[in-house]
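Next come two complexes, and both contain chain A; in the first it sits with chain B, in the second with chain C.
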Partner chain A sequence: MKLKKYLTLTRAGIIEALQFRLSFLVMVVGNLLYLIVVYFLWKAIYASAGTDVVNGMTFSDTLIYLVLATALFNFMEMYIVWEIGRNVQSGKIVLDLLKPIEYRKYLFWAYSGTFVTQFFLTFLPTFIAVAVVTNGAIPMGINLLYFVISVIMAVSINYSIDFIVGTICLYTESIWGINIMKQVIVLLLSGATIPIAFFPDTLKTIVSYLPFQSIYNAPLSILLDGEPKPQTVFTTLGIQLAWCIGMMLLSKLFWKTSLRQITVNGG
Partner chain B sequence: MSAIIEIRNITKEFKVLNRREGLKGSLKDLFSRDYKTVRAVDNISMTIEQGEIVGYLGPNGAGKSTTIKMMTGVLEPTSGEILVGGNVPYQNRTRNAQEIGVVFGQRSQLWWALPLVESFKILKDIYQIPDADYEDMLSLYRSLVDIEPLLHKPVRQMSLGQRTLSDILAAFLHNPKIVFLDEPTIGLDVSMKSKIRTLIHALNQKKNTTVILTTHDMGDVDALCHRIVIIDKGKMLYDNDIEHLKSFFGSYRTLRLRIDGDLKAQAEIIGKEIPECSVSADEEWISVLVDEEKAKVIDVLAKLQKTHRIKDMQLMEISTEEVIKKIYEEGVK
Partner chain C sequence: MKKRGFHFYFRIYCKIMAQDIKSKMSYRADFIISTIGMIFTNIAGFISFWILFRNFPSIDGWTYYEMLFLYGFSLISLTPVQCLFDNNWSLRQNVYSGDFIKYCFRPINTFFYYQSEIFDIKGLGQLAFGIGTLIYAWCNIGLGFSALMLLKLLVFLITASLIMIALQNTAAATCFWIQNSFYVLDLANRFRDYAKYPITIFSPVFRFFFTFVFPIAFIAYYPSLVLLRPDDVPVLSWISPLFGIAFFWLSYKIWMHGASQYSGTGS
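So, the complex of A and B:
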C-alpha cells in the first residue's frame, strides 16, 4: 500500500517526539509566558485607545484570536528551514536524498508526526481552555468543519513557503538570517502577531494579494465566524486552495532547478 | 555477469569562491566575487559487474565521494554518462534509490532516538519490502551477527561500532543491487573492523550485492576487494586487481624500534648489521624499511634482539597514501 510508506514516517515522528518529555514542558511554559506578554500588551493598547472596540474587534475578540493564532503557530511551525539548512551544512541531506521518496514529500512526512503530537499537546488544550474560559466565544457549528479544511490547506501553504525558503539555503549555505527573516515576514503578514483588521488599508490590500494571510488569518476568521455565509467561506477556502496548489508547484519547481546547484559538504 | 554500473568519461566541475584573506578581504568578497572552477572528477570511466566488491581508493579530496554522489544521483556530472542498473541516476534519483544502499561512516541514516528495530520497520515500509523478504533478511542477519541485543537499543545509546554495524545492516535491508560503503570502518577497533569485514563479505556472497567500498584502511581492501580503483586529484590512476597492486606495496614493511642510547648512532650500527635494509632515525624511533623479498621481518627482529635491548617496537603497513605516492612516482608497471 502506497500510503503506508508515508504514514510510517508519521508514526516514527510521533514516537520520536514522545521520547523528549522535558521539551514539552519547556514549550508549554514558554507559550504561557508569551501569552502573558500578549495579554498585557493588548490590554495597554485598548486602555490607551479609550474605546471598547478597536478596528471592529473587542479586547476579548483580539485576545481569543491571538491565543488561537499562537496555538496554531505551535502546531504548524515545523522549523523546516532550519532543518534543511542544517542538513545541507552537515551533509546529512545526502542520506535523505537517497531515500526512495521525493525529498519534498519525505521531509513533510518525516515532520508530520510533530503535527499530530503538537495538535494534541498544544493546540487542542489551548482550544478547549479558550472555549471554556470565554464561555462560548468560539462558535461550535459547521464552522469547525470549515476550519479543519482550512487548517489542512494552511499547513500545506506554510510547508511550501518553508520549503522554498529552505531551498534558498542550498545557495547561501547559511540559515540563521534567512530563517529569522522568513519567520518575521510570515508571522506579521499572516496576521499571526497582529490581527489583519488592525493593518492600515494599503497594507491590508497588499496582504490580500499575498499567500501569508491564508495561513493564519483565513482559518481563524473562519473559526470565529459564528454564522458563516457560504459565499464568504467558499471565497476564503477557494483562495486558500489556489495558493495551496500554486505554492506547491512553485516549491517543487524551485527545488528541482536548485538541486543542480547542490554541492554537498563533507565526506 | 552483467554490468551494473557503467561510467563513461565523467567529469564534475565545481565553481568555488576564491575568498580573500582577512577582514578587508571578506568585506570585498561581499561586493565582488571571484569564482574559479575546480575539476573534482576528471574524465573517469569504468564498468562494474554485478556482485563485484570494488575498493575505491584515493587520498582525502581525491574525488571519491564526488564520484559516489554522482553514481547515487545526488550530483549531476558536468559531462559524461553514468548508467546504474540501466537508469541515469540523477534523472531518476528516487527510482535509483530503491536499487542502492548507502553507508557513510561518519553519519547515520538510522532514527536517532528509536530502537534499531523501529528503524528497520520504517525502512521496510519506505522501501516497500514484502513481509517474507524482510523476515528472510532478518534471519540471515541473525545467522551472521548477534543482533538481538542491538535490536531493542536506541541508536543514540550505541557505541560507534554497533552503530556502524547497524547502519550496514540497514543499507542491505531492502536487498539493493549495489551498496556504497564510504569509510565504514573509520574509527573502529580491530575486532569490530574484522566483524564488519566478515559481515560485508558474507552479505556480498549471499545476496550477490555489488559493493563499492571507499576506505583509507588497506586492511579493509585486503580482506574484501579483488579489484581496486585508485583516483587522485580527480584522475584515475589505477584500475586492476589487488594482486597487481601488491607489487607496489606488498613486499615492504617498516619496522620501528625504540632502543636506549643515541638513536642516530644506534641506527648506523644497525645499518651495518643488516645491510639489506635501509635504516633511518628520528627523535623517537629507528625505522627499518624491510623488503620482504630479501629478508623476513621476523629474521631481522631476531637478529637485532641478540645485539640490542629493544624497549618497544611497531610494524607499519604501507598506507594507501604511500601506495598512491609510489604509483605516482613509479607509474603503473
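So, the complex of A and C:
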C-alpha cells in the first residue's frame, strides 16, 4: 500500500502539468526548431569532414545521439534546485519538512507527474521524429529494453545530483549561480552537448570516472549499439547502478547533516 | 509639462541602478557565485567549440578562427540584453502577482522604468570574455585594423544587440496574454545560442525563417560578414541596422501595448 500514496502525488502532478497546455505547444515547437538546427549544423559539419564516419559515429548516429540527449534533458530536468532554493528563501520548506514523508522522496514523487507527461508529450514525439528523419537508423531490438533500464537509472542519478546541489542552496542562498554551474558541468561532461566519442583522450578518461556520463552517454550509447555484446552492456549498466546507489546515499547523508544547520526565515 | 530629454532619463537611470547594485552587494555570496557561474558557462561554451574543431577543420568553409569571431561577436552583442534588460525575466511573476501595477502608476515611461530597475553586473564578465575572444580571433585571421573597421564593428554590434533585445522583449511581453510564458522566454533564450553559426548551413526555407521571422541571423552572421568577407557583403548586411531599429521599435510597441492593457489582479 506504500506505493499508493506516492502514485497519488504522481497523479496530482500530471493533472497540474496538463493545466498548461499552451506551454507544451511552445515546447514541442521549440524542440522541433532545435531538431532542425542540429540537423543542418551537423550535416554541414559532416559535409566538411569529407568522411562518413568520424570517431566511430556516422551522421545519423550523431544526430540521434544529440537530439535524444536534449529530449532526455527536457524530460529529466525538474528544476529541483530552483524548487528547493525558492522554498528555502520563502520559508515554505518548513511545511514540507513537517509532512510525514521524507523530503527527498516527497519532492521526487511530487515531480514524477511531470516525468510522465514530459515522456509522452516531448520524449516520445522526438524519438519518433528522429527515427523517421534518419530512416530508421535507431536499431530496434533488445537494446531498447536495455535503454529503458538505463534511462531509469539515469533519472535516479540525475535526481540525486540535483538534490545534492539543491542542498548546497541551504548554505549559500544563491540559486541562479549554483544552478547554472550544475547545468553547465552536467551538460558538457555528460556528453549532451558533444558526444563523448569526440572528446580528446585525456578528457575522455577523466569523464569516465565521473558520474555525469552515466546520465546521457550511457543510455544513448546503449541505444545506438545495434548488436550489443552482453559484456559491454552489463559493464555500462553496472557502472550506472554503482553511481545510482552511491549518489543516492551521498545525497541522503548530505541532506541529513545539512538539515541540522538549516535556518529558515519566517514561513 | 517640461519636455524630458535624454539627460533626465540618464540621471534617473543612474540613481535606480545605484540602488540595485547596493541591494545586490548585500548578498555578496550570491553575487560571487553567480559571477563564477557565468564564467563557467562561457568557458564551457569555449571548450565545446574547441572539441568540435579538433575533430573537424572547418564548417561549411568557415575556419576555426572565423567561427571564433562569430562566437565572440555574439557574446559581446548579448551583453546589453543581459545587463540592462534582465528584468524581463521577472515580468511574468510581476504580472501574475499583480506587482506590475506599481510600474503603471509612475509618472515616467513604464518600459523605461521597468527595465531600469535591474542592472545585471554578471553580464560584464561575459563582455570581457567576448572581447577577448574577438581580439584573439581578429589577430589570428589577420584582418588588420583601421578606424573605419572599428566604426563598422561598433555600428553592427549595436545592431545585433538591438535585435537580441527585441527578441527578448517580445518573448517576455507574451506574458501579458498567456500564462506561464516562461517557456517562450526560455525558447528565445535558447535560440541565441544558435546565433553563432553561419546561416549558410541551412536550407533556403530556414534561411528565410531565421532571417525574417526569427531574426537570429542578424545577431552575428550578417553583421560579421561586413568585417570577415568585405569583398562579398550581401545587401542584407548593410541594411541590418535598419532591421535592428525596426525590430526594436516593434518589440517596444508590443511590450507597451501589453502593459497598457494590463488591468492588475485587484489586490
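Just a few scattered comments:
Rule of thumb we're sticking to: the second predicted complex is superposed on the first by the 262 of 267 C-alpha atoms of A that agree within 3 Å, B and C clash if a C-alpha of one lies under 4 Å from a C-alpha of the other, contacts with A are read in each partner's own complex, and residues count from 1 in each chain.
Here is the rule we go by: a contact is a pair of C-beta atoms (placed from the backbone, for glycine too) under 8 Å apart; a residue touches a chain by one contact, two chains touch by 3 or more.
Quick caveat: nothing in here was measured; it's all calculated off a predicted structure.
Three-chain overlay on chain A, with chain B and chain C fitting side by side and no clash. Applying the stated contact rule after C-alpha superposition, one finds that A:Val148 touches neither chain B nor chain C. Comparing chain B with chain C, more residues of chain A are touched by C. Once the two complexes are laid over each other on the shared chain, residue contacts for A:Val132 go to neither chain B nor chain C. Contacts of A:Met181 after superposition on the shared chain: chain C is touched, whereas chain B is not. In the superposition on chain A, contact is made by A:Leu98 with chain B only, not with chain C. By the touch criterion stated above, A:Leu210 is placed in contact with neither chain B nor chain C. Angle at chain A between chain B and chain C, computed from CA centres in the superposed arrangement: 80 degrees, to the nearest 10.
By the touch criterion defined above, A:Tyr34 lies against chain C but remains apart from chain B after alignment on the C-alpha atoms of chain A.
Superposition on chain A leaves chain B and chain C with their closest Cα atoms 5 Å from each other.
When the two complexes are superposed on chain A, the residues of chain A that touch both chain B and chain C are 20. On the chain C side of its complex with chain A, the touching residues are 27, 29-30, 32-38, 40-41, 44, 47-48, 51-52, 54-61, 178-180, 182-184, 186-187, 190-191, 194, 197, 201-203, 206, 214.
Interface residues of chain A facing chain C in the complex, by the touch rule stated above, are 20, 22-23, 26-27, 29-30, 33-34, 36-37, 40-41, 43-45, 47-49, 54-55, 172-174, 176-181, 184-185, 187-188, 193-194, 198-200, 203. Put simply, chain B touches chain A in their complex at residues 14, 65, 69, 72-76, 93-95, 97-98, 100, 102, 104, 106-107, 109, 111-114, 118, 121-122, 125-128, 182.
Interface residues of chain A facing chain B in the complex, by the touch rule stated above, are 4-5, 7-9, 11-12, 15-16, 19-20, 90-92, 94-95, 97-102, 260, 262-264, 266-267.
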